[in-house]
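Multiple structures are listed underneath, in structure tokens.
In the two complexes below, subunit A is the common chain; its partner is subunit B in one and subunit C in the other.
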Partner chain A sequence: MKDGKHLTLGIETSCDETAVSVVADGREILSNIISTQIDIHTQFGGVVPEIASRRHLENINGCIDRALSEAGVSIDEIDLVGVTYGPGLVGALLIGVAAAKSIAFACDIPLVGVNHMHGHIAANYLEHHDLEPPFMSLVVSGGHTNIVNVPDYNRCEKIGGTRDDAAGEAFDKVARVIGLGYPGGPKVDKAAREGDRDAIAFKRVWLEPGSYDFSFSGLKTQALNYLNTERQAGREINVNDVAASFQEAVVEVIAEKAVCAAEEFGQKRIVMAGGVASNTRLRELISQKAAARGIDVLRPSPILCTDNGAMIASAAYYAYRAGERSGYDLDAVPALEF
Partner chain B sequence: MKEITKGTFITDTEADTRAIGLSIADAAEPGDIVALIGDLGTGKTALTKYIAEGLGITEEVISPTFTIVREYRSGRLPLYHFDVYRLSGPDEFFYAGAHDYLEDSGLSVIEWADIVADALPEDALLIYIEYAEEGRRRITLI
Partner chain C sequence: MMFNILVVETTGKYDSAAVITDDGRVFCASSQTEMNHLRDIITISDEAIRKAGITKKDLTHVAASRGPGSFTGIRIGVTTARTTGQMLGIPCIGISSLESLAEGALDEAVASGALYIAPIINARRHQTYAGVWKACFTSDYEQKTLIDEMEERQYMIEELTDKLIAAASEDGGRVLFTGDGIDAYRDIIEEAFKAAGMENQLLFAGEDIRYQDAEPAARLALREAAAGRVLGYSELLPEYMRLSEAEQRLREGTLSDKIRKAGRI
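Right, the complex of A and B next:
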């Protein structure tokens, strides 16, 4: 406790980022450290593999120290530790879980394991201080494409997900073949603004009527076939048109399904989360479709759309308030379901 | 791995690809490694879905590109489905904890295996998937 506020330390190491944050009362970010902001090469004197549990191990203590010092609190003032225990890479998750357990044990404070995906949704509580469930959530990122009904703080009911590639992954792969490079999402977004979204008629993949699932693998193949055909015929490829047409085929399906889901479940709000929530055209299209049906759309700022510790702290805080506690036997669950 | 027909196959339809996936699943033994090598969109994940079906896995097999590996345990053998597309080489494969899986008693299927070729044992089943004419695929088992 500090100044009468409940302090949660949130730890996130499920994939590429080592991230630690201190959040007050589940809503107010006091610090939000993400390891990619730290110059690892100078700190550790050498190239460290991009995706590595070893890198998390090297970063974790430094990130915790920085999160505490930037928040202006000492470890003794922390009331709760929240940590991502899945889904993700097992070696990466274990580092965060072990660190969280050690702190909980040493400081004798409660520990709550958090589902990474619930964390993404909770990022919105940090951005929109008056937001409360119920709402419909759309979680779109490099690794996930899910429509999730959120009836209260501690329930997330997945009603649809991808059957093959995630939306962000489809962006990355197509960006690579049209020579836009990495990260594909922002690059496609930017190129698409200069392109004609009706230039190429990519097929929208709706799946069975009433399904909230997605499939982007076939669309990726369509784009590749288009590029091969054009190249073989010696025609010049307009990268901006390909980006715009491809993006439209992805985001139109996502936007329509999210709005239909909100309507079917009687939700008046759609809360976006994950990196692809920053896509300009998705935001535009979903806002149009939602407004036509009297539904509001909210999303967090880009920094809270990426993996971070603050969202984990917020989710942990609400789980803790509902009575949830994890024991010292908390283990990483790489394939944790929604 | 049990005996399996090697060589080059031209697949006309999904059913042809499925047959290859099912035969790999039938031949799989604990600790086996299948290395898939082929360009974007050639159907590496699709082939893996059929291998999973052949193992009796009931969960939806989705792309592991983002998490590098996904595990499925509802079948005859555990399936460890890797996609090393985002990795730079064998070192990162090692740091991602790959050897814990490869040495385990499941079937490991690795997409973009050419990236980590040096980290794979010699007895891994190599499968090349290439584009052939008119939407067909050329699948070579070595």
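Right, the complex of A and C next:
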């Protein structure tokens, strides 16, 4: 406690970001340290799990120190430790979990393990201080594409998800093949702004009527086939047009399904979360579609869309208030379900 | 100076923890299930501390076996020791898992008259993490010294066995192998010694001392603490003894091929 506020230390190491944050009362960010490894992984064309794990270990304790000092608090003033325990890369997750358990044990602080995806949704509580459930959430990140009904702080009901590739994975793959490189999402986004989104007729995969699920692998294959055909025919490929057309095919389906889900479940708000929530065209399209049906769209600022410790702290805080506690036997669960 | 040192050993199949006090008493706790390092590490550390009759605030140092061994295991132990040291404001100590295995086999070496102690940790495909220590019986207490030509590193099992045979054929010393590399390479070692006509100079450690354990690691940690060889938490780092595969490929220049292939699906 400090100045009458409940302080949570949030730790996140599920992929390639070592992140630690101090959050007051589940809403106010006092510090948000993110040590990204993106430069290291770029030379390998993607995240290398073994390298990510090694870097997390080297970074984690310095991040904890910085998070505390930037927040101007000492470890004795921390009331709760929250940590991502899944889903994610197992070797990466376990660094955060081992560190969090050691803090909880050494300093006698309660511990709560957090589902990374719930954390992404909770990022919105940090951005929009008046936001409270219920709402519909759209969680789109490198490894996940989900539509989630959120009736209260501690319930996340997945009503749709991807059946094959996540949107972010599809972006990464196509980005690599058209030479944009890693990380694909932001690079496709940027290239698409200079391109014509109607240049190439990529298919929209809606699946069966009423389904909120997604499938992007067929679209990805279509894009790769298109590129092969063009190359074989000796035609020049307009990278910006491919990026724009491909992106449109992905985000149109996501936006439409999210808005339909909100409507069906009677939710007046769509809360976006995850790295792909920063995608310019997705934000534009979903705002248009939602506005036409009287639905508000909220999203966190880009810094809170990426993996961070603050969102984990916020989710841990609300779980803790509902009575949740993790024991010292907390383990990493790489394939943790929503 | 009073010492109460917490030691975690997570580089092998089972994780264990120990507290050693300055009179040399060791209090141990270990996991009963394989590869449950992350789940059990705090629970067994807590158990060892309670067995020692102290509280965590009484700890003066925290030590970790820093490898070689299971990469995942190494990371769990080192992260736990670093963070515990950071939170309690006490120094850390790094212990070699190989030296700890040699330490654990010392009594058996003395009893069986072995001159060389060779801990070998299985690193797959005929590879092993190893080092060779020479037992010394000259003083009141037993000691061991790492042999310069067989320092701690990665060896092909055949290479290590040849070096040991060469050394042992010269002085007639017996060789005691220990570590989980025995389970993988016993046949190869036995054949090589037989071919050299030196079967009677070959010994394998019993299963009770063959695997990584916090107890010998704790004895080493006490020696390090007494000698003042301690580290700040950020200086305690793993000893993987091997680059990641991706880094090896980058170094060899074979990485780009792999990425290009992956790009084509």
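Just so we're on the same page, the second predicted complex is superposed on the first by the 323 of 338 C-alpha atoms of A that agree within 3 Å, B and C clash if a C-alpha of one lies under 4 Å from a C-alpha of the other, contacts with A are read in each partner's own complex, and residues count from 1 in each chain.
Throughout what follows, contacts are C-beta pairs under 8 Å (C-beta built on N, C-alpha and C of every residue); 3 or more make two chains touch, one makes a residue touch a chain.
Bear in mind that the values here come from a model prediction, so they are computed numbers and not experimental data.
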item	value
Partner chain(s) touched by A:30 [first = subunit B, second = subunit C, both, neither]	neither
Which superposed partner A:88 touches (first subunit B, second subunit C, both, neither)	first
First, second, both or neither for A:142, with subunit B first and subunit C second	first
Subunit B versus subunit C as contact partner of A:224, first or second or both or neither	both
Subunit B versus subunit C as contact partner of A:102, first or second or both or neither	second
Subunit B versus subunit C as contact partner of A:270, first or second or both or neither	neither
Which of subunit B and subunit C A:162 touches, first, second, both or neither	first
Touched partner set for A:53, first subunit B, second subunit C, both or neither	both
Touching partner for A:329 - first (subunit B), second (subunit C), both, neither	second
Contact residues of subunit A, present in both the subunit B and the subunit C interface	50-51, 53-54, 90-91, 176-177, 224
For the subunit A and subunit B complex, residues of the former touching the latter	15, 49-55, 87-91, 141-144, 161-166, 168-169, 172-173, 176-177, 217, 220-221, 224-225, 228, 334-335
Contacting residues of subunit A [partner subunit C, same complex]	43-45, 48, 50-51, 53-54, 57-58, 60-62, 64-65, 75, 90-91, 94-95, 97-99, 101-103, 105-107, 176-177, 224, 328-332
For the subunit C and subunit A complex, residues of the former touching the latter	36, 38-43, 45-46, 56, 71-72, 75-76, 78-80, 82-84, 86-88, 233-234, 237-238, 240, 244-247, 250, 255, 259, 262-265
Residue ranges of subunit B in contact with subunit A within the complex	39-41, 45-46, 60, 62-63, 65-72, 86-88, 91-92, 95-97, 100, 131, 135
